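Data block below; observations after.
As written, the chains take the letters A, B, C and D, and residue 1 is the first residue of each chain.
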Amino acid sequence: MIRRRPSRRFANLAIGSASVLVYVFFYVPVAVLVLFSFNQARTGGRWGGFTTEWYSALFDNDRLITAAQNSLLIAVVATAVAVVLGTMLSLAIDRRTFRGRTAAQQVVYLPVIAPEIVTGVALLAFFSLTLGRLNDLLGRGAQDALRMGRPTIIIAHVAFCTAFVALVVRSSLRTLDPSLEEAAQDLGANAWTTFWRVTLPSIMPGVLGGALLAFTLSLDNFVITFFVSGPGATTLPIEVFGQLRRTISPEVNAISTLIFGASTLLLVGALVVQSTVSRQRSQRIRPLSRQPRNRAAQARATQATHTQLEGQP
Amino acid sequence: MTTSTNKANRAVWLRLLAGLTAFAIIVAACGDDDDDSADATTTTVDSMPEAPTSEADAETPDADAEMPDAESPMSERCGDPDRLGDSINFLNWADYIDEAVLEMFEEECGVSVTMDTHVANEEAIAKVDAGNSGYSLVIVTDYAVEIMSSQGLLQELDMGEIPNAANIDPNQMDPYYDPGNVYSLPYQYSTTGLAFDETAFSTPPTSYSAIFDENSHCGSSSLLEDQREVLGAALVYLGYDWNEVSQAAHDEALDLVLESRDCVTGFDSANYIGNLASGEVLVAQSWGFAAGIAYLDNPNIRYIIPEEGGTIWQDNFLIPADAPDPYTAHVLINYMLEPDIGALITEFTIGYTPNLTVPPLLSDGYYEVIAGAGLELTDDIRERLVWQVRSEEHSIFAETWSEVIAAG
Amino acid sequence: MDQHSQRGTVSLRKVTKRFGDAVAVNAVNLEVEAGEFISLLGPSGCGKTTTLRMISGFELPTEGRVHISGRDATDTPPHLRTVNSVFQSYALFGHMTVAENVAFGLRVKRRDKPTIERKVQETLDLVQLSDFGSRFPGQLSGGQQQRVALARAVINEPDVLLLDEPLSALDLKLRQAMRYELTRLHDELAMTFVFVTHDQTEAITMSDRIAVMDQGEIHQLGTPVDIYERPATRFVAEFIGEVNMLEATVVGGDGTRTEVLLSSGDRLTCAPVGDSRLTPGVSVVLTVRPQRVLLTPEGGIDSQEHASLRGELRELLFLGDSTRGTVGLADGTELVAVRHNEDGTHPFGTLRPGDRVDVGWRHGTACLVQ
Amino acid sequence: MMAARAARAASGGSGTALRRSAAPLLAPGLLWISVVYVIPGALILVYSFLTPKLGGGVVWQATLDSWEEIVARGRRSDAGWGTVGAAALRGIATAAVAAVPTVAAARYLGRRISRGLGFAALLGALAAVNHLASAYNNYTAVFARSVVWSLWATVVCICLALPLAVFISSRSSPVTKNALLIAVMVSFWTSMLVRTYAIRFLLANTGPLNNLIEALGLDRVVFLNTRFAVILGLVYTALPFMILPLYAATERVERAQMEAARDLGARPPQVFADVFVPMVRPGLTVGVVMVFVLSVSQYLVPTLLGGGKTNMIANLLELQFGEAFNWPLGAAVAALFSVVTFAGLYLTVGRRDQEELL
């Protein structure tokens, strides 16, 4: 039995229960929508029995499927571009000195702090102005006109995704010792090789994290997308928002459940991989963290000391 | 042998790469091309393995070869096959058409319809106003037609291409917003009034007092989230005209709305339908068709046009001035004015059809809802209905409404 | 006893600490006297830090009681104990200046401002950082940070100052300087110091007493001389300095001496460790410091006052200030002798590797441990 | 070896190599963000000086109407000189009420009393400004409300995220940690809209929460379309953005420093205020900025959970850009809103944290 001071036990209990509360808060709405995706009653509020008909209906619902495809496509492209641009930006800001660095940083921070709705209306104004002028200039017929749609959505998404990627990558760059890169260069690697062989692998978690965040933000964006979308570019949030005029259809719950399930599976898979890797690794190196867990490391250190002492005679 | 396999492999790989590049380019640059580009992309990628070495011919020949097949059994409802495009972008109110109609049109005429939806007329206007919206056919409500035509955003309809226009109820033609139907033809129309749960009232309400009078059903009533409808209702309740623009009248109407603000569950144009069905809301200012939808879930729902009056509104087909394919749009309008198609649409929307050939085709179910929910549009009721007018001077509605927004 | 006289004492009574199944500290008894400089010495993982943390209150003993200044403090939370700690990593508050760091303890006790300012200056003077008050810890060197950590603890005038490997992060030169500094502080403050270290030199040079710990137990508690000259266990002997260890079996003896048989076949008589368990048949280890070992040509040892063995000189190593000779005994076990070089002459005369030699030591300088 | 030397010579040594021009790395991303944010932002400012066009958009004819409307127009409903007095009274009352706990806290934590008083005064000033703004005109009223609600949401987010961050970072296994973090993210992967709609259902008058309340023998409570629902929605939406940075900061907290503080006699609340909070401050700042900015411009939450009865700045913008057909006015509101937000952030975040943020 481990004795603990009552106050500390109370604090642990408080922290633990608050955390549980937060997760409950997060997941009750998700549980509701999962439940409703299996609800026979079309209008929510009553339980009309279990059914999977909404899932089969979903596959016949071209609008939702197309919207989901659009969302995914836009998110993938925007994320891909943003990862490259964002990583470059963060490298420039963190590893290079140049005039106007602060100003550059502030521009990068703009998408994070700019109110979404303002960005949305500003982009609507901007695109309607510039696309109109461009079309006049190019004198194109209506058939191949430049217009709002997936390209404009992607342009907008790339911008805020880039900013988020840059911020996340920057944070992992900052924990990376620059002497590591200098060492690589000292060993004869050119800047390019250094980046691919040393810098990128070290900041990979940051890059992946940034990509994940960017993907999520792009997938879920409603306000900005709403203002810059065009023909054939309806994304899932916009489609769902349109449906809210009546009551949300069970198919929407079904597709949300599917997305939720897929992302959970994906992330749980990643977690399993990570845990396997870390278990393998921990057989070699154990974390040197806190007192009670420390014993293995201490035991090894003891051995080392002994060896040292015994090695003398 | 080995070499050739390698070569073949490499070729496949290169083609795949090219395909993917094409994919990326299509995605990044040509989201605006005429076909649904998701389909176009799929075709390109699919055709990759068997496509010959040249990349130029990857796109058209197959499609062209297939087109006549699709066209040959084409009915006369599809207009001139030579002028008909193969796809069209269509902007409609959300949840306002049976999607089967679009599939039928595609099957019958070989035109794929990409429908996008809007949730406000203003949204549709803004999209078209931005220029090169890509939409050949747009559906908006009455006053929006007037605004768009005054801005030169619309092109005149060629009635020669829309023979079915002759089917339209003369009552619904020649509206105030488009005299002579130069730019628009009616799609569906409905009214705005009150919907209520019959069981909650000993005597059915006949007036907006059911909402504006604090004592009745406080906490279970709802007003639309629409400045014109709410303020209009308040104005007529106070004895003014629905389209009144005087400051004094608006001051009074504002006070009334702000008072009832604490009583209504919300200003809500969407959720009240479900709430009526579930009993959470007992009386609501409502679109006519919405009362019908609520009735489907809760047969106790009734709809009235209050004695002070209500609005009539009509959604319309129109073709933007810069529509990429006006001809196909005309064909689609004509198609949707076919009796069977019109019936499909009206059965779905539970609105009123302006198409005189449609009523005989509507199901008993439809009439049951109309009769049961009290949605019949008699001449007596028609007299109480007004059209909402929208011009510069009506900006006072927005000013008054911003007070409502500011209040909470 | 009145509490005043007990101020500064620490008493651990059968204190045990378990983490899950692992026993970190096992039924330790320790009485620390007021004003004493005591070191807990042992390898990492021996339980010394856990012991210290039970005194500071960051760990609760699983069993046993902790008394500080005569009062049972087992259940007193850390902030109410009259002890202060200097942490291994210093744990300085990076967001506060040096002066704010030092003032922290007084500030949370809500002393008045002038007092705090005065005492902060005094304490900074004491650790020779008078002019560094407005700097941030990040701007200081390791040694300076160390002294801030000291000042931050001693300003509270604790009954007992706990130091957890405070010198381990410093380089050799600084470490030596800080050793002196700590001793000086201890003398000036007349405070009880409990010092945790794995470095025997630190413990031996600074402490009044040393508790050598291993596997959660105190193997020996004594003055540095005791620990060095008369290790109580094989572990202590091995851990402190260099030592020759010869396997042996007790073959006889009385109350004053013990007769053992070495693995090399030699019979020796030793002073007993006062351990009654040394009955004939028990196997023991004979320990003797290389500095105590005499190395002479054959027959050069007076066997009356010395124990002596015969062997062959295997190796001579010149170490600068001393020379080290390794002797192989009959069964091959080795014995090391170290002699100081004086006046540049060879301390072992003309002996060369391969010579037959006698090795021996004065009776009483070797110890038997189990 | 030779190769290494040659490479170093070619690049002019590693130091110079790192000092090469930043332009190629910087230009694409910076240009992109500028095109999407800076230029349209400037355009919005231009629009605010133009004439509205019926049907949306602008007529390119300069006017100050929009700015006059925002700055000079009074509120019809409850403006008046009396409100200034009322605002002052309210400010003083708030400060007085707030002073009790803040001074007590300052004393308890061993801080100067003046700091507690200062904080109370700040709250009082905020209340007074809020009162004034609410009465001044429609725009300032909605503005003030958005800010106050977002501040509440931020406070609630801190209160929820802090224990969770501590909880996660005190798990020993990295796998558990990641699982818990991912659990925060996964819920985030389901459409915000749909989840907000689910909250709507939960809070409805006939919804599960009210059924529960009734089952407990209490009266049903109107949650929906109240400020409670809206703030709850704001918290729900923005919470992950508080948890993640706060967790990252908590991970970096050195346990030894907290122990040192306790060792020096600080009680747990003092350790929290004097050591823990300063140490997690960078993460806290990031979280506060994110939550505040996300909340203050929220559109979906007040629309879905406010039911038109409880509105925020985005609803006002929607009115102007939508039904009101007054883009210039909307642009002016947006411009003012952005300027005030940026200025506020700049002033509150401070230099040191800014470095931390950027």
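In the analysis below, a residue touches a chain if its C-beta (ideal position, glycine included) is under 8 Å from a C-beta of that chain, and two chains touch if they have at least 3 such contacts.
These numbers were taken from a predicted model, which means no experiment stands behind them.
Chemist: Greatest Cα-centroid separation from chain D: which chain?
Modeler: Measuring from the centre of chain D, the most distant chain centre belongs to C.
Chemist: Hey, which pair has more contacts between C-betas, A-B or A-D?
Modeler: Output for the comparison: A-D.
Chemist: Which chain wins if you rank chains by how close their C-alpha centre is to the centre of all protein C-alpha atoms?
Modeler: Located nearest the centre of all protein C-alpha atoms is chain A.
Chemist: Please work out the Cα centroid separation of chain A and chain C, and write it as a whole number of Å.
Modeler: 54
Chemist: Using mean C-alpha positions as chain centres, tell me how far chain B is from chain C in Å, no decimals.
Modeler: 87
Chemist: Cα centroid separation between chain A and chain B, in whole Å?
Modeler: Averaging C-alpha atoms per chain gives centres 35 Å apart.
Chemist: Please work out the Cα centroid separation of chain A and chain D, and write it as a whole number of Å.
Modeler: So the centroids are 20 Å from each other.
Chemist: On chain C, where are the residues touching two or more other chains?
Modeler: In chain C, residues 77 touch at least two other chains, as defined above.
Chemist: At which residue positions does chain D touch at least two other chains?
Modeler: Chain D, residues with two or more chain partners: 57, 204, 206, 268, 321.
Chemist: Which residues does chain A have that touch at least 2 chains other than itself?
Modeler: Only 7, 44-45, 124, 128, 241, 244 qualify.
Chemist: Which of the residues in chain B come into contact with chain A in the complex?
Modeler: Touching chain A: residues 24, 27-29, 31-34, 36-38, 89, 91, 93-95, 99, 114-119, 126-127, 129-135, 269-271, 273-274, 277-278, 290, 293, 297, 322-325 of chain B.
Chemist: Would you pull the chain D residues touching chain A in the complex into a rising list?
Modeler: Listed in rising order, the residues of chain D that touch chain A are 3-4, 6-8, 10-11, 14-15, 17-23, 25-26, 28-30, 32-41, 43-44, 47, 57, 160-161, 163-164, 166-168, 170, 172, 174-175, 178-179, 182-199, 201-202, 204, 206-208, 236, 239, 243, 248, 255, 268, 289-290, 293-294, 296-297, 299-300, 304, 313-314, 317-318, 321, 327, 330-331, 334, 337-338, 341-342, 345, 357-358.
Chemist: If we count contacts the way the header does, which residues on chain A are in touch with chain B in the complex?
Modeler: 42-46, 62-63, 66, 69-70, 73, 77, 124, 127-128, 131-132, 135, 142-151, 154, 229-234, 239, 241-247
Chemist: Could you please specify the touching residues of chain D with respect to chain C in the complex?
Modeler: 110, 254, 256-257, 259-268, 270, 274-275, 278-279, 281
Chemist: Name, in rising order, each residue of chain C that touches chain D in their complex.
Modeler: 56-58, 77-80, 83-85, 87-89, 91-96, 104-105, 107-110, 152-153, 156
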